[in-house]
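Shared chain: chain A. Partners: chain B in the first complex, chain C in the second.
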Partner chain A sequence: MTPAGALGAAAQVVLVGAGSPLLVGAMRQVRARMEGRAGAGVAQPWRDLRKLLRKEAIAADGTGPLFRIAPLVLAATALVAAAVVPIATTASPLDGSADLFAVTALLALGTVALALGGLDTATAFGGMGASREMVVLALVEPTILLSVFALSGRVGSTDLGAIVGSALHRPELVVSPVSLLAAVALAVVVIAETGRIPVDNPATHLELTMIHEAMVLEYAGPDLALVEWASAMRLTVLLGLFANLFAPWGIADASGAMPPVIALPIAMAVFTGKVALLGGALAAGEVFMAKLRMFRVPELLAGSFVMALLAVAASYFLA
Partner chain B sequence: MRELLRKIRATGRVAEPAPERPDTAALDPATAAKARELAGSVQVRHVDAGSCNGCEVEIASAFGPVYDAERYGARLVASPRHADALVVTGPVTRNMRMALRRTYEAVPEPRVVVALGDCARNCGVFAGAYGVEGAVSDVVPVDVEIAGCPPPPEAIVAALRGLTGR
Partner chain C sequence: MNESLYVQLLDLACGAFVLAAVLVLWRRDLGAIVRLFAAQGFALAALVVVLGAHDSDAGLVAVGVAVGVLRAVVLPLLLRRALPAGGEARETEPLVNVAASLLVAALLALLAYAVTRPVVALEPSPATHAAPVALTVVLIGFFVLATRRRALAQVVGFLLVDNGITALAFLTTSGVPLVVELGVSLDLLLAVLVLRVLTARMRAAFGGTDLDDLQELRD
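This part shows the complex of A and B:
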């Protein structure tokens, strides 16, 4: 663990932890403006979280420790992912152990914990949401792995920092067919994994159409605050990973000449801009789309898996 | 998609300018204390305890683009566990009495109950009907009342702003 890596990880955790509710607020604001509304303001998710933390914690009758632990596991995995994914710096504090597989597994661990929490309530909607989330997870995880494999082939490493760093040194790699195919595949799974339209609708009130929301129907007060905060962080981490894999410019390079004290603030500002842009585009795109039928979602995800597979194949043929 | 984009650009903002902030002195002290604790964020769960759906139409327009109650920090949610305020419409029918009671108990403290419309306040035209148990205040403690049959969206928005304080 290098001092630069530790500093970078701390900066990343603070940036994602504090900034992710603002990203959700900004996305709601973009949507509100396009719908002709005034919008509640960018800081509204933070107001919601502050209020939820002050509220009474209620555990539904008959729920066990799983129900209480799930939000903690979800938030903890999101925080660890925020520390190790190359967001502001390619120098990760856990180099060698926190690679692509570890990050994907961390995200999956959080999702599974929340699904178990949803099952633990023993309500019809909790179980339905959990089973749907597992369907989406089973289709999303292989695609995340495969699409990043396509990029890792040329580096010879599954270390995310190394992949982002290689694109930084050889910008011609970013516009290759491999990258484009992988980008399309990863974009679809990021949307699915974060529960946005057209896979899931985060603002829905119809229990029968819910995926993520159905699992958290029974959470209240501080537990709900943790779940919402963690969901926002996962959205930020996945959008940030997507941005940095395909447009790494601005990130603090581990082998760069600039000292981290100067490079980190620049990288954080650039990252904020990139994620705000991606989030804004995602929110604007949602205005034009309706949610897909649940039975069509596997088709969409299978399509993105094929894209990822083609990207991997192309990376071997073009190498 | 192009047509929708053109429509969005041509329509622009349809939300009306925010009216003056309503006088919060109208709230009784206990409700005002709860509203202060919520600090600008009120999640609303709507319970139809036997309404004719007139009030539902007005709630829908209060949260629609023109009145846009969301800009003051109020938001409709899908579960009473997520809620801070229960908005109850209609006289409480016999079949909904227990459901309303359980919904109220599912809301974490601090919680506020808003009786929306004349039926919720005093059974309105349904007073004395055979299926009606009573007004909302006969089943759960009511903090805020909104008069009208149905109340106009302006009144709903003003009452919600009293709770969010924005």
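This part shows the complex of A and C:
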């Protein structure tokens, strides 16, 4: 572990931890304004979290330790992912072990823990939400792996920092068909994995349609705060990973000339701008879209899987 | 033209070409399928023009422009006019559902790559490296022909096959003679005109173009 890597990881965790509720707030604000409402303000998610944290911790009757551990596992995996994904710097503190597969597995671990927590309540909604989430996860996971794998072909390494770094040095790779196909595939799965429209609607509690909300229906107080915070962090990490894979400019380069003390704040500011832009575009797109029927979701995800597969094939055969 | 720019443009055109074919499988809306076919025709024309510009072959560029006019403008226009004014605008029930047919498309792509390896090995160049892409489109076209029920979707499948064959010809040979390409294009135009008339007659006679309903003879 290099000092630059440790510094970068600490900065990333602080940035994602503090900034992700603001991102969610900004996205809600964009939506509200486009729908002609005033909106609750960008800081509203933080106010919600504060309110929830002050409440008494309470668990539903008959639930076991799994129900109590799930929010902790979800938040912990999101924090570790925030530390190792190249967000502000390509110098990851866990180089070598924190590659594409590790990050995907980390995010999946959080989802599975939450799904088990939802099952543990033994309510109809918890089980339904958990089973739907597993359906989506099973289709999303291979696509995330494949689409990033397509980008890793030209680097010869599955290390996310190395992939982002290579795009930084060879900008012409960003408009190749491999990149474009992988970008479309990854965009679809990021939307599905973070539970946004058209796969899931984060603003609804309608029993027929909810996926993520159904799983966390029984959580209250600090546990709910933890789940909401972790979900916001996962959204930020995935959007940030997407932004840096396809538009890496501004990130602090591990082999760059600038000392990390100067490069890091710049990279953090640029990252904030990129993620805010992506989040705003996502929220604006959601205004014009309806949620897909659950039975149509596999079609959408199969389509993104094919694109990821074509991206991998193209990275080997066209190169 | 600079070599790396040429490879980039060629790859980009091939990517758009195969992407349009995959999206044809994805969409149910017949209007959208025709639009995608037009986009594919445009990608094919771009492909031929890029090849021509690289070889500094004015004839090839002219063929490319002609291909573009026919496949991106004329044929989609004809197909659009064959779309019924109301109703039946969707491919409601393909024989293989959309999710499965997308996965089949992925398998067909891998098959095409496996099959064309000897062809690519004959003379490795950026253009022949893209030959599997063209074969993928041919196979996807056959798949559309085999699994879609609406007459218009099947016509698009047939045209996908032809687009793929044309792309394969341009990618593996150093340019198709103008006369040959002209003959193929006129044949294609005629086939689409005949199919369009046939579709209109079918709709007038049976009220629909679901080809699976046309399997037995009646008085």
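Everything below uses one rule, namely that the second predicted complex is superposed on the first by the 319 of 319 C-alpha atoms of A that agree within 3 Å, B and C clash if a C-alpha of one lies under 4 Å from a C-alpha of the other, contacts with A are read in each partner's own complex, and residues count from 1 in each chain.
Operating definition for what follows: a contact is a pair of C-beta atoms (placed from the backbone, for glycine too) under 8 Å apart; a residue touches a chain by one contact, two chains touch by 3 or more.
Source: prediction; values computed, not measured.
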Figure out whether A:Phe288 sits in contact with chain B (first) or chain C (second), or with both, or with neither. first
Should A:Gly39 be classified as contacting the first partner (chain B), the second (chain C), both, or neither? first
Of the partners chain B and chain C, which touch A:Glu299 in the superposed model: first, second, both, neither? second
Chain A residues touched - chain C or chain B, whichever exceeds: B
Partner chain in contact with A:Ile58 - chain B first, chain C second, else both or neither: first
Intersection of chain A interface sets (partners chain B, chain C): none
Spell out the part of chain A that touches chain B in their complex, as residue ranges. 32-41, 44, 47-48, 50-51, 54-58, 60, 204-207, 210, 213, 217-221, 224, 287-288
Within their complex, chain B touches chain A through residues 1, 4-5, 8, 11-15, 18, 37-41, 43, 65, 68, 70-73, 75-79, 81-82, 84, 106, 108-110
Which bits of chain A are touching chain C when the two form their complex? 172, 175-178, 180-181, 298-299, 302-303, 305-307, 309-310, 313-314, 317-318
If you look only at chain C, which of its residues touch chain A in the complex? 4, 8, 11-12, 14-16, 18-19, 22, 26, 97-100, 102-103, 105-106, 109-110, 113, 129-130, 132-133
